[in-house]
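As written, the chain order gives the labels A, B, C, D, E and F, with residue 1 at the start of each chain.
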Amino acid sequence: MKFTIVVQGGPYTTQASLSAWHFARAVLSSGHEIYRIFFYHDGVYNANTLLSPPQDELDLHHAWRSLALEHGLELIICVASALRRGLLDPTEADRYEKSQSNVEAPFVISGLGQLIDGALTADRTLTFGP
Amino acid sequence: MKFTIVVQGGPYTTQASLSAWHFARAVLSSGHEIYRIFFYHDGVYNANTLLSPPQDELDLHHAWRSLALEHGLELIICVASALRRGLLDPTEADRYEKSQSNVEAPFVISGLGQLIDGALTADRTLTFGP
Amino acid sequence: MLLHLLNKSPEHAALLRCTGFIRHGDCLVLLEDGVYCATSKAGAALGELVERGIPLYAVSADVEARGLSARLSPDIKLINYEELVALSIQYTKSKRWG
Amino acid sequence: MLLHLLNKSPEHAALLRCTGFIRHGDCLVLLEDGVYCATSKAGAALGELVERGIPLYAVSADVEARGLSARLSPDIKLINYEELVALSIQYTKSKRWG
Amino acid sequence: MRKLLFIQSHAPHGTLFGQEGLDAILAGSAFVDCAVLFLGDGVYQLLKDQATQTLASRNYSVSYQALFDYGVDAIFCSAADLLTRGLTLEDLIVAPTPLNPKELEAILHDYDVILDF
Amino acid sequence: MRKLLFIQSHAPHGTLFGQEGLDAILAGSAFVDCAVLFLGDGVYQLLKDQATQTLASRNYSVSYQALFDYGVDAIFCSAADLLTRGLTLEDLIVAPTPLNPKELEAILHDYDVILDF
């Protein structure tokens, strides 16, 4: 079974990101496949490379990153949601003339078509939100 | 009259930041003083220098920045809220060994003591939240 | 002398919760999605406050943005942000409900 | 064959709203603050679903985190995230209420 | 091809769900037949005469007029949620098909994937 | 000196309001006499036996025990909100003073500044 997981909440602020991460891990540990993880709305904040939570708390950016690297997943963040919330990879930072950036692989900035494709292609789509 | 304004909501996601900005402008245009603006919870996202909203929309980061520069205000963002949400000035970025940063003056990272001092010292404290 | 700020529509529990805390001498300001509480249809929830003589205000920018200008209960006074500042001075402190 | 996901406490309108949309053959999963709906005290709101034979689940990690383990209504079955994955396969689609 | 149902359940301007939800609907309609359902405070999304100049917020409500142009012709709302809010179809930018509780329940079960905003 | 009233109205773990609110309370108590009021779902903040290992969330509820050490001895809650949730004072990490509606209204008006979480 192929899953698309949609994350609409920012890390820590609401529990949506944490639930989605637990669910994603369970999909994989149950022997199923993740077709797409799509971060929308405040979910894009999970992509921020600068997240620096207290050392005794789960680092959600790092948790997503590890999961993606281990299983060869792409983590798609919606470009429109990302830009207005200040999530830029080096290419977008150039385009918007910013000297800094805060998004890097395995997080990938892409369009809403990836959400639609994920919903149409995967066997199941689940959304975690605020 | 001296005001402390507390902002608990992130830009765009909820209207809290926009309302707080309108209120802050009205305080000043009414001839009163802003003692402190304190960004807490998701409010710290307003400090992100990388915000790149569509050109026909209000840039809230820029709006706060202009207001602060014009009136000589400091915009305080809570350090604990900022770190876990990935808002770092160059000093914090060094400390956390990050090569990038996304906070600069007039936004200033400081502690919760600034919130308490603001609430105790100003004549009025108003909070805008999600 | 409390200024109560409400920013949620009647769909949320905030409206019912806050009305229980508003006493004589206080006022209620509706802002953001709170202005949906100011429509004549939703006005029933505010009826008890009107009867008790509690001043009710709604931020006009929020009313206009939501297309509610023609739908407001006559008991609600529209204010701009400067008037909100004035109210926050007239009332000695504020409480947010959301 | 809908999996309904509810993540808000009974204080919110989501619980009442979603129960009206749950039909025979669906199930309801409580997660995050939604597990507060699973306490025996709040159980009344779910009573109608129990009577209709709708399966009710709560995510155990959320129940434990909130200190609710000893307060759960006996009508609720605790599940871990793997069991949530299994349910999301058994039911052909899902709807989030929040 | 799977059928997508988008649900808008938030009022406009107070949160970004409406605006970002509309973006998703328009994106979806480029790929596949889409339906939109306005539930609860979501029906306020369609209210006419939204004027956002003073608020300095985007008046994206005008883009709902484009739904038909984008091929989204299945637009539904909860009849009860309209009534509770004192709204009629004449008050709305586009006229959704008002559904009673049984029809709403059926819509939810008819579509293959539900995307919530 | 002004008196500060902190209000916790959210359940723990679902949002960060509780944890960041507690941080603010502890910071405030270093400067001045503070009171804390638990309202609505906020009373769940104080529930005993929160076990967050599986969730991988921080169990900050244990820090409520430190309120007295920090000199916060004015801890209140809504008696009705406890009752509605089937809770008694024995179920809580620290025992707040339960207040009836008249007393709650009075508390809100007694303090000089209210900080909401």
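By definition in this document, a residue touches a chain if its C-beta (ideal position, glycine included) is under 8 Å from a C-beta of that chain, and two chains touch if they have at least 3 such contacts.
All of these numbers come straight from a predicted model, not from anything done at the bench.
Chemist: Strictly by the touch rule at the top, which chains does subunit A share as contacts with subunit C?
Modeler: B, D, E, F
Chemist: Could you tell me between which two chains the number of C-beta pairs in contact is largest?
Modeler: A-B
Chemist: Copies subunit A, subunit B: same or different interface, half of numbers shared as the threshold?
Modeler: Over half shared, hence same.
Chemist: Provide the C-alpha centroid distance between subunit B and subunit E, rounded to the nearest whole angstrom.
Modeler: 33
Chemist: Subunit C to subunit D: how many Å between their CA centres?
Modeler: 34
Chemist: Could you please state the distance in Å, as a whole number, between where the Cα atoms of subunit B are centred and where those of subunit F are centred?
Modeler: A distance of 26 Å separates the two centres.
Chemist: Based only on mean CA positions, could you tell me how far subunit B sits from subunit D in angstrom?
Modeler: Taking the mean C-alpha position of each chain, the two centres sit 38 Å apart.
Chemist: Which residues belonging to subunit F are in contact with no fewer than two other chains?
Modeler: Residues 13-16, 40, 55, 57, 113, 116.
Chemist: At which residue positions does subunit A touch at least two other chains?
Modeler: Residues 12-15, 22, 41, 54, 57, 125, 127, 129 of subunit A each touch two or more of the other chains.
Chemist: Which subunit D residues sit where two or more other chains touch them?
Modeler: Correct list: 7, 11, 13, 32-33, 61-62, 92-94, 96, 98.
Chemist: Please list, in label order, each pair of chains that touches.
Modeler: Result of the pairwise touch check is A-B, A-D, A-E, A-F, B-C, B-E, B-F, C-D, C-E, C-F, D-E, D-F.
Chemist: Taking the touch rule as given, give the residues of subunit A at its contact with subunit D in the complex, in rising order.
Modeler: 1, 3, 14-16, 19, 22-23, 25-27, 29-30, 32, 123-130
Chemist: Show me the residue ranges of subunit B that touch subunit E in the complex, using the header's touch definition.
Modeler: Counting only subunit B, the residues touching subunit E are 12-15, 18, 22, 54, 56-58.
Chemist: What part of subunit C is in contact with subunit F in the complex they form?
Modeler: So the residues of subunit C in touch with subunit F come to 1-2, 13, 17, 20-21, 23, 92-96, 98.
Chemist: Touching residues of subunit E toward subunit A in the complex: what are they?
Modeler: Where subunit E meets subunit A, its residues are 1-2, 4, 16-17, 20, 23-24, 27-28, 30-32, 113, 115-116.
Chemist: Taking the complex as given, what residues does subunit E use to touch subunit C?
Modeler: The touching residues are 11-15, 40-41, 44, 47-55, 57, 59, 61, 84-86.
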